[in-house]
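First chain written, first letter: the chains are A, B and C, and each begins at residue 1.
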């Protein structure tokens, strides 16, 4: 008999794997939905029939579906995501396309850099604002933070981004409006260039996260055992540290994971605004040109990150749940 | 500790139960009709609306005003716009002037006119998409709740779990690359993706109602499913669903704006705010030479932001009012 | 027995004068407590009794200088051992709470922090206030657990709240209150959520421990029989005002106010039992289970005589409500059948004909949730008239009015929504809805247990009158023995999904009893301050007599 904590964690892991499997099925099938003449579209009107046939063969379109899926999945797992469609038809049949992984790898590093910068600022800030707003509920402070964040979450990311560009870049000339970073630049240069996109993301995330944290804490503070602690004469700090905090991990971690996952989405728009060379921009370009292998690669990375973050939050809630930790 | 909006339930019960006085009992004991209760005044629909508006906080009034303005512009766009939606003039990036109030865009189209038509297109498309999402998600959600724990409920709930395990913007991008980016595909894709969120909430609120004894009483009476659905369940889940509609609309509206901004949403020549931001974004570089020109991309972006803020304010007020919901 | 700061019994410990407490709802402040005085002496136990809305919990918390969020103490003075709690600073009040005044809440399961072990929570206040060092406090806690007769007193403290049963948690909470040896404990409906057989044990344990340490207490409840076992003096509250003050014996033997008498009014209904051979419904060797769980009904056989009342009694988990679900077709039996007028009913709801559905109606415990809040009384009662009898328009309205008058309400109620009715009126409308179908059999599932005593009496009398006039048959599901005595002809006792005993009221309620029936019946508190003492003495005697 497994310990309930282990059992529940294994269940969640299994569920996560199943979800990833379904996601991979959807991504894989996206190539099926391409119109019949996509070979010509990719290779150009002038492509020879033989070239088109070779191209289809390279994609494995002559193989049975299930075989193709396992080939593709095996490739995904080993980092071989196929070759990009772009560059195939250029100048008389020479194939200048690059492997997806080559396009993706440097951009992934950039995106992670941007996302971590935003996360490092936003998570502590949002938790601080959310918890203090919940504790000083209905105060002027709470009300104004509340109204401000309600306004901020209503703004599209690009509105916040251009507003910041207009003020901090065009007028004050503090930061560049384009974040065209190069990988070999020193850390502080990259941080400087990345500041505006990171700030944009931070503003959007903090609003969401602060509101969720506040709601979670208020919900917690309404528990009868908090009133009991008050009736046992515990001071405010004792109530928070001893009675609220041990039960707050699960909701707080859920909030953090949810918003880090949201970061994944926000990053796409922000990268485009600032022409930041990340995965998001790559994906948007690939969608516009219907470069399926690149879309598949980018989407797989985004989906896996999102699923892993949620899985992580689930596991934290499981291992902090006294009911599971100390079964009957 | 005297907070206004969080009276605990027991104190509330104590308040609600007070009302009939000792004299009602008298010496002859108990009479059922004598139990005094609170009767709500019967008011007409118009009176209710008027009373609601008068008690509304300034944020909600602001929101309602803004929404009405947008609806007005959307409905009468052709009458209000000085030029046609796709009418091209021979001067691209014209500065702000009497002729072109907000200048022209890269092709020489009047920004003001496109802003006004954008109210119709952008808001209209988001509204239609949200409607679709509600019909799909709401219908399936209530069905799943009635089938609570059955195979249909399990199938639907698990499918929704998987769909929601992928961030919706990313999912939308995948699907748009599969099916191609055009307005019809956009509406269908976003509606289906967003219906998963509607499904969750519709199922959750219906579950609360389905377990009520009055639904069981109707089943015991022998009522058909349709009657139970329309008479017993639907009227009782409307308030949370209406609030959710507002929130989902904001979300859909922002998603479509983001996709259009990325160039894979609403396609030209349809005037749309998200695309307009993208098309005129370059002007922002010229802030030090011509401030008004630099403001041009901010106009459609602000139009999007303003409507979302307005809807959020109204929903916030509605939630507080309808359910006494805490935050 | 008690330490120095206890002083002698008889000194005034708590003096509350002219307390007014407001609560906020519907955008304005209302008075919940309207000028109540309390004087409590050391070692004295005061019972605060009242029905819902009496303001008793609010008043109990005010004795600790505490007002819940949304409440405020607007005037009056609360003097605890010379300290004015209204004028005191929050820090001063906090110093008293958990050291000299302790609190025992109604829902122990929700009031313990799920993240900490029971013993940690038991000694938390004692250690923090420096009354005892930690190891000493824990040793004392184990001693208290033993005195409260908790199983495994040395180890139970290591457990977490979800690992312990409700009755045990309630006792641990009493130990937690007692740990700092307070001068005063507020008990806020501590046994309301418990079954009667558990209630007796918890009551006995609490009484023993407050007597042993000579602790003063305020015991809040809606049940006069319970408070009679605990309290030296009783205060009856209603709508935030004092109705009557007296010592316990006087209050029970010579209540002055009509309202006080009404608090045990259900017990005044007497129904002579009648014998009948004509069986309308037979539950025939029925087994049932919910999917994936063990049997909830095990070979249940019940015969219901036409025109009479069968009461099904039992505690939570006994299967009494499940029996009703099997009869109505909501839970098809896995074995056995239900015979109605001699013919077997199809097991599931779907297979039953409209006619079969019409003849068996159901009334629920919570009238609040049994009526669609968006429908008026006209819709609620009118629907079965249309659905079963095909009545429309004026014909329907005429019948509607007849029904409303039959349940002692009048025309003015017809266009009201459920929210505009009082608890008793709601339950009456539910009765009218059942009557509208012109049924032969009505299943009443705990129909009075959510109501105040005087309202209960009205409903029971109405049901009895309707039975006489219309020849109705009732299956009356309840856990309350007083209600059973008031309404039944026959009684079925259920325990863990089985029928323990079935027979005429007079047979069941008189000896000789099977073990469980005896335990159940003897555990129901009586309006006698010596009942608990007598019961405990008798149980002890029997326990020592049997090997």
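Following the convention adopted for this analysis, a contact is a pair of C-beta atoms (placed from the backbone, for glycine too) under 8 Å apart; a residue touches a chain by one contact, two chains touch by 3 or more.
Note that the coordinates shown come from a computational prediction; the quantities given were computed from them, not determined experimentally.
Relative to the centroid of every protein C-alpha atom shown, the closest chain centre, again from C-alpha atoms, is found for B. Comparing chain pairs A-C and A-B by the number of C-beta pairs in contact, the larger count belongs to A-B. Centre to centre, using the average C-alpha position, subunit B and subunit C are separated by 44 Å. Measuring from the averaged C-alpha position of subunit A to that of subunit C gives a distance of 52 Å.
Separating the CA-averaged centres of subunit A and subunit B is a span of 25 Å.
Among all residues of subunit C, those that touch two or more other chains are 68.
The multi-chain contact residues of subunit B, meaning those touching 2 or more other chains, are 3-4, 6. Partner subunit A is touched in their complex by these residues of subunit C: 61, 64, 66, 68, 94-99, 102-103, 105, 107, 110-116, 124-125, 128-129, 159-160, 162-163, 176.
Considering their complex, residues 23-25, 30, 32, 51-55, 57-58, 67-72, 238-240, 258-259, 262, 328-330, 349, 352, 354, 357, 361-362, 364, 366, 369-375, 383-384, 387-388, 407-410, 413, 416-417, 419-425, 428, 433, 437, 454-455, 457-458, 462 of subunit C touch subunit B.
Residues 18-19, 22-23, 26-27, 30, 33-34, 137-138, 147, 150-151, 153-159, 162-163, 165-166, 170-171, 177, 214-215, 218, 222, 261-262, 264-265, 268-269, 272-273, 283-284, 286-288, 290-292, 295, 299, 302-303, 306-307, 310 of subunit A are the ones touching subunit B in the complex. Against subunit C, in their complex, subunit B makes its touches with residues 1-4, 6-8, 10-18, 20-22, 25, 27, 29-33, 35-40, 212-214, 216-217, 219-223, 231-232, 235-236. Residue ranges of subunit A in contact with subunit C, taken from their complex: 223-225, 227-235, 238, 242-243, 246-247, 322-323, 326-328.
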